[in-house]
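Same chain, two partners: subunit A is paired with subunit B first, then with subunit C.
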Partner chain A sequence: MFQKTLYARPQHRSFRAALAGLMRNPLVTNKKSRLGLIILLPILALAAIAPILPIQAPLETNLFASLEKPSIFHPFGTDKMGRDIFSRTLAGIKVSLIVGLSVAAIALGMGLLLGTLAGFFGGLIDRVVMTVVDIFLAFPSLLLAIGLVAILGTGLIPVILAISLADVPRFIRLQRSLVLSLRTRAFIDAARTVQASQFWMVTRHIVPNTLAPMLVAASIAAANAILIEASLSFLGLGIMPPEPSLGNVIRDGQLYLEHAWWISTLPGVVILLIAVSLHFLSDGVRELLDPRSRK
Partner chain B sequence: MIDYSLKKLVQLVITTFGVVTLVFFTLRLIPGDAASAMAGDTLSGDALEALREQMGLNEPLFRQYLDYLSSLARFDLGETITTRIPISELLLKAVPITMTIAVSTIVLTVLIAIPLGTLAAFMAHKGRKTLDNFLTGTAMILDLMPSFWTALVFLLLFSLTLGWFPASGMVSWDDPWALMQRIALPVLVLSVTQVATMARITRTSVLEILSEDYVRTARSMGWSELRVLFRHALKNAALPIVTVIGLSFGNLLNGTVIVEFIFTVPGVGNLLITGINSRDYQMVQTLIVFYALLFVTINFATDLVYRSLDPRVKF
Partner chain C sequence: MTIQQSIDTPLLDVRDMTTEFRTEAGTVAAVNGVSFQIGQGERVAVVGESGSGKSAMAMSLLKLLALPGEVTGGQVLLDGRDLAKLSERQLNKVRGRLVGTIFQDPMSSLDPVMRVSEQMIAPIRRHLGMSAAQARAEAVLWLDKVGIPDPEGRIDAYPFEMSGGMRQRVMIAMALSCRPNLVVADEPTTALDVTIQAQIVEVLKTLTAESGAAMLFITHDLGLVARFAHKVAVMYAGRIVEFGPVSEIFRDARHPYSQSLLRTIPSKTALEGGRLPQIPGLPPDMKHAPDGCAFRARCAAAEDRCASERPALTSRGPDHAAACWRPAGLGEAEKQDPGVHQPRRNDQGPGSRVVVEIHNLEKQFVTPSLFSRTPRQLVRAINGVSLRVHQRETLGIVGESGCGKSTLARILLGIDTPTRGEIFIDGTPQMIFQDPFSSFNPKMRVSTIIAEPLIVKDWGDAAARAERVRWLISKVGLGPEYLERYPSELSGGQRQRVAVARALALEPSVVVADEPTSALDVSVRAQIINLLRDLQDELGISFVFISHDLLTVRYMSDRIAVMYLGEVVEYGPADLVFEHPVHPYTRALIDAVPVPDPAVEANRSAVPISGELPSPLDIPAGCAFATRCPMATDRCRTEKPQLRKHSRLREAACHYAD
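The block that comes next holds the complex of A and B.
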């Protein structure tokens, strides 16, 4: 009885208690990541509930409502074919997020794998991997992505692959440098003296200690991937219309810049907000993970 | 210094070779082959075969590779697929325009960013946080604005609404004044992003130096704040700033493609987009290699400048 009152948690936490718990989450208590979440979450929520919002479908045209100014019915206005820019923007956000997350995941995975191999084992693997990395780093990122899209073709999957390929070398290099600095630390020597296997050292000692900086890099890579996808689509090399993406909606509006400013400008503000929020989030995560910068 | 330069030069040659090889073999990976990709649905049977023959695609792969290397060494870059103009001729016309944009951007960026960054650092050092926060916040937002969006907003604002800059017209070195007017807006757009990056780096490095012991010593000797700033802070901050100029050159090249496309400036970036849209793989191959080599060379130069600026590095 006594034990129970001490340790048992209430079966049903009230909503208020749950909220209070959430408010104590480090991501919420940290100023920067909180600001990031405050910007990002409403955008995500809007994109998620877009199908049930009372707005025109992203591909639906209405020639009677061509190039209409922003209003209550069309918060971002309409384009030449009378498509609702707001609803196309929300659909574009979904594409952006898919690209951002996929690129971050691919770059993180490949970076962890090849960077650890190169850094931990050294020798021939290291030389081969780093030579290839150096060659890839010789291309400015957007230009490499443009070249790859020219080969792979347009569409969602080629775009994700092209941006990832441009990002992977950076992650390999980061992971390798992290592994190299960890390899000489005392706890690795300690593991070696108790005859830990290499697999054990890599999975239990090396990789967990590199995860924090790699995750921070991944969240910045996600923001950059979103910007690059938008640029590719804007150049007509990414997601192809009529499928909406933030980049090609802005491209659509370029012709009507003078008469319908809202088509190109408003979706751009959304890209900017997403990129800014991801940067705040990664700044916050960096502070949370790095004990030195904690106040 | 000579030893180091030679070592770096060898590295440069190896990377160059790697770039050329990588681009060559990647383009041969296109499903089908370059000829059918290029022709699309327009050619078939004998005509397609003739195109293959003409592009040398029927030769063994390794032979094609050697041919490509030898023609590169002779600066024979091939012809465009539709209009049969030598690509080297197009490049010679486009490169000066792109380089004018790039160099003007760097100059403008340095002129704005370094005073701004120094000011922010100085304010932060004096504990006047508001101005510093404002400057760093603005820099971050400017840095993250997608350049094509900034370009459109500027076009709308300065060109279409205010009419300060012409939105169309000739761009060539034959008429420098018209050229300047036309590239002013592209340069401005590119500078916005570059200024943000460089001001941030300047701020960080100047701030670091302002808390060094020798700065305190200089102050205690009665040096004025300005003299401290110029003689100590800026001189020592020059190193990271040079590095950033070199490193951000890649971003700058990315940016030139986009602004050239939007402002219809006939530079290298516009050639690239045209090449991709007309499926001219010879041209795409040449231009991507060109960009990579330019980028690698700039990095090489940055490295050497860095080394020669830093008296601590002994050779």
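The block that comes next holds the complex of A and C.
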């Protein structure tokens, strides 16, 4: 805000310059993140345009076309009730991404807030927050999510809340450790010598310098959340049929694995691709943010 | 090869060595055709600023460079054998056995999870073929030689159980234990206090002389060179620009860079005159190595020819060579920095108004103990300090690390609170930090960094702040284009200028500078010191100048306080304290500082102060210095001397201050 009032920089770029700028974007020039983007973006695009694609609606059944092999009309084949797996998979991707992004956002937000409070102010807040965090961290996140779903119920919102709650403790830990190491840096001392408020130090010095590693953690958490949601739905604890999700589509197919391998396998491959691409992306981001790897 | 050369074969003969770093931004020739020779038992110092390629050169000798560095050309002949052609396996036999290495940071070159004995014995057994028991006895012998007390017991210690000085001694023992012909030491004392540095240098000097090993010694400290070296190689931008015997280089340097470098040292003549001579500009960016002579942009005597043709290293007498088109380098006229003999602009000397008054200050830290059984330990960082700073005065605070000088600074600035005692400050204090790399938020632009104190204090509106920020940056000698940059885009010297600008933003009455120049290169150091003095004269600020660089402190300060273990042991006018120290600790400190003059160094007593700073957990009952003091008596060990008036202007805390 201050910079805007002090030094407004000119902003006039042609479309071509913008495109050239985009191609020079570090996320594009870095090999790992580029690979991630190359896999992820088409999947996202397909999921986004699914409603206007000439394919059967995800919930539409057709008992005359039960358990059909993959074909031009049904790229991923059909299930027992003649539903189009491709269409269900695209709908499932949408669910997966909503879960992944929501969990990443919630975990990031809560982690930033509680981790900063614990790390910067220490004392009682620190002890209370960290005790709760340690208790949460004693459980594997999938088990914790299962337990929380049992309490919160099934469906999209409870699933998101359950996975976030299971992830938040790790974010708090990370943010707290980042804050602790920043707190001893000389620029905090410099702010202290002019009696800067704690709000100023936290918002201007601490949080901006923790964002980068926290974002890397968030992108990994998104991939993780997608896998956990799929696992929950597979176990019948997440998104309830007939509403499609990658996990329950796989579950639908497991009875027919011998006769109709495509029902479970192809959505499984999609999960794999999404998770792998997100990991590539976060690896690339980590490389870009690590000053040691910068030339 | 002529007959004469083959009779007198040098131990190490480096010919046209080139080392390149292949980075994405392009290939950087860190070492660019370096040739020199080291005779048997000769100590050669390599001096140069950071980025001059001196470390890369030393590492290249044994191919110890990490990727992406690679030796791409030239020969390294050790006793006639070309090391550049050896395989990794053959080189491993040379490393440690024929050539020993000592690095700057002993903590990172010793394995933290191995006992010293394990790290020392294995190479001795491998290289000298001794049995385990023999090798252990040999290791103990060497630890004893480098001055480790109780070597039999200490040999089984882990590196973290030792102090920095002790670890460096272990490194030296390791490097010498296989009786190498050549020892390569890369800034071996830079991380240590002056007193410890003096001890280490003495150990290195005697032990290499005793074993007849030659030595390649890399440093940026010209005083150390004078104390230590037989010959000097001056490096600039990846090349040796001057090479010669130490006495000749100091008396009659021929390359403009060496000449300028020698002038930047705060010497006695500079003390009487006004400003410190400085080398303008910055070293060249090695990614875009300039044509012609790399130094020409900063050279007062540069000619047209220097821009197009690069001068080769040519003879300036026996064993002396320089790479400059002009036989004598800078002429008499160019040697005079136009600023030097300008008297200080507005030097009125200290005023009478007291700006800072510290009264009986004490600061104790309690070390938290994990188990309630062990008693909480009390670290007495500051132990009853009383000081005054007048307007326009510079108070220098010197002492070894751990003496409490930085804690004192933090208390002055209100970052820490004192346990006991009082501080009165007229006006606001500000700080210039030691490490220009961590003192700025990397996510902020320079404009915001300088404006931060103004924003925090609600100073004026946005336009007035922008105006003030522009004024401040011009005051520290940087153009307004720097305001848009991030700290990572600035050099060390530029960062320190920004730090000064930030410190001046709120018109402070006193600026505390904690080691403001110790992270900077020699040529840039003088620029910052001149800047600080100019600003003091112009704005009438007081300084508290904390440093372990005694020459700089002396140049900067009006009065000096010498601290030892949280106490002031001597206080008085800078010249008096330096010329006629009263307290034995002050004397020891001054003696430990190497003077950049080989003639002076040759005549000095070679007995540095012994021992190390006692732990502040366990301060001796009597005089804190008694454990290391050469003149300590029983009275010193039982009765604590108080700081009292010694003469009209001076105070000292010693029973025997005459």
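By our rule, the second predicted complex is superposed on the first by the 275 of 295 C-alpha atoms of A that agree within 3 Å, B and C clash if a C-alpha of one lies under 4 Å from a C-alpha of the other, contacts with A are read in each partner's own complex, and residues count from 1 in each chain.
Going forward, a residue touches a chain if its C-beta (ideal position, glycine included) is under 8 Å from a C-beta of that chain, and two chains touch if they have at least 3 such contacts.
Worth saying up front: this structure is predicted, and the values here are computed from it rather than measured.
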First (subunit B), second (subunit C), both or neither touched by A:L22: neither
Larger contact residue set on subunit A - subunit B or subunit C: B
Contacts of A:A196 with subunit B and subunit C, given as first, second, both or neither: second
First, second, both or neither for A:L41, with subunit B first and subunit C second: neither
First, second, both or neither for A:S231, with subunit B first and subunit C second: first
Touching partner for A:V128 - first (subunit B), second (subunit C), both, neither: neither
Partner chain in contact with A:N209 - subunit B first, subunit C second, else both or neither: second
Set intersection of subunit A contacts, subunit C complex versus subunit B complex: none
Parts of subunit A lying in touch with subunit B, wherever the complex brings them together: 131-132, 134-136, 138-144, 146-151, 223, 227, 230-231, 234-237, 247, 250, 253-254, 257-258, 261, 264-265, 268, 271-272, 275-276, 279
Complex contacts: residues of subunit B adjacent to subunit A: 14-15, 18-19, 22-23, 26-27, 29-30, 140-141, 144-149, 152-153, 155-156, 160, 250-251, 253-254, 257-258, 261-262, 272-273, 276-277, 281, 284, 288, 291-293, 295-296
Touching residues on subunit A, where the partner in the complex is subunit C: 2-3, 5-7, 185-187, 189-197, 200, 204-205, 208-209, 291, 295
Parts of subunit C lying in touch with subunit A, wherever the complex brings them together: 23-25, 410, 413-415, 429-431, 433-435, 438-445, 447-448, 451-453, 455-457, 462, 465-466, 469, 483-484, 488, 502, 506
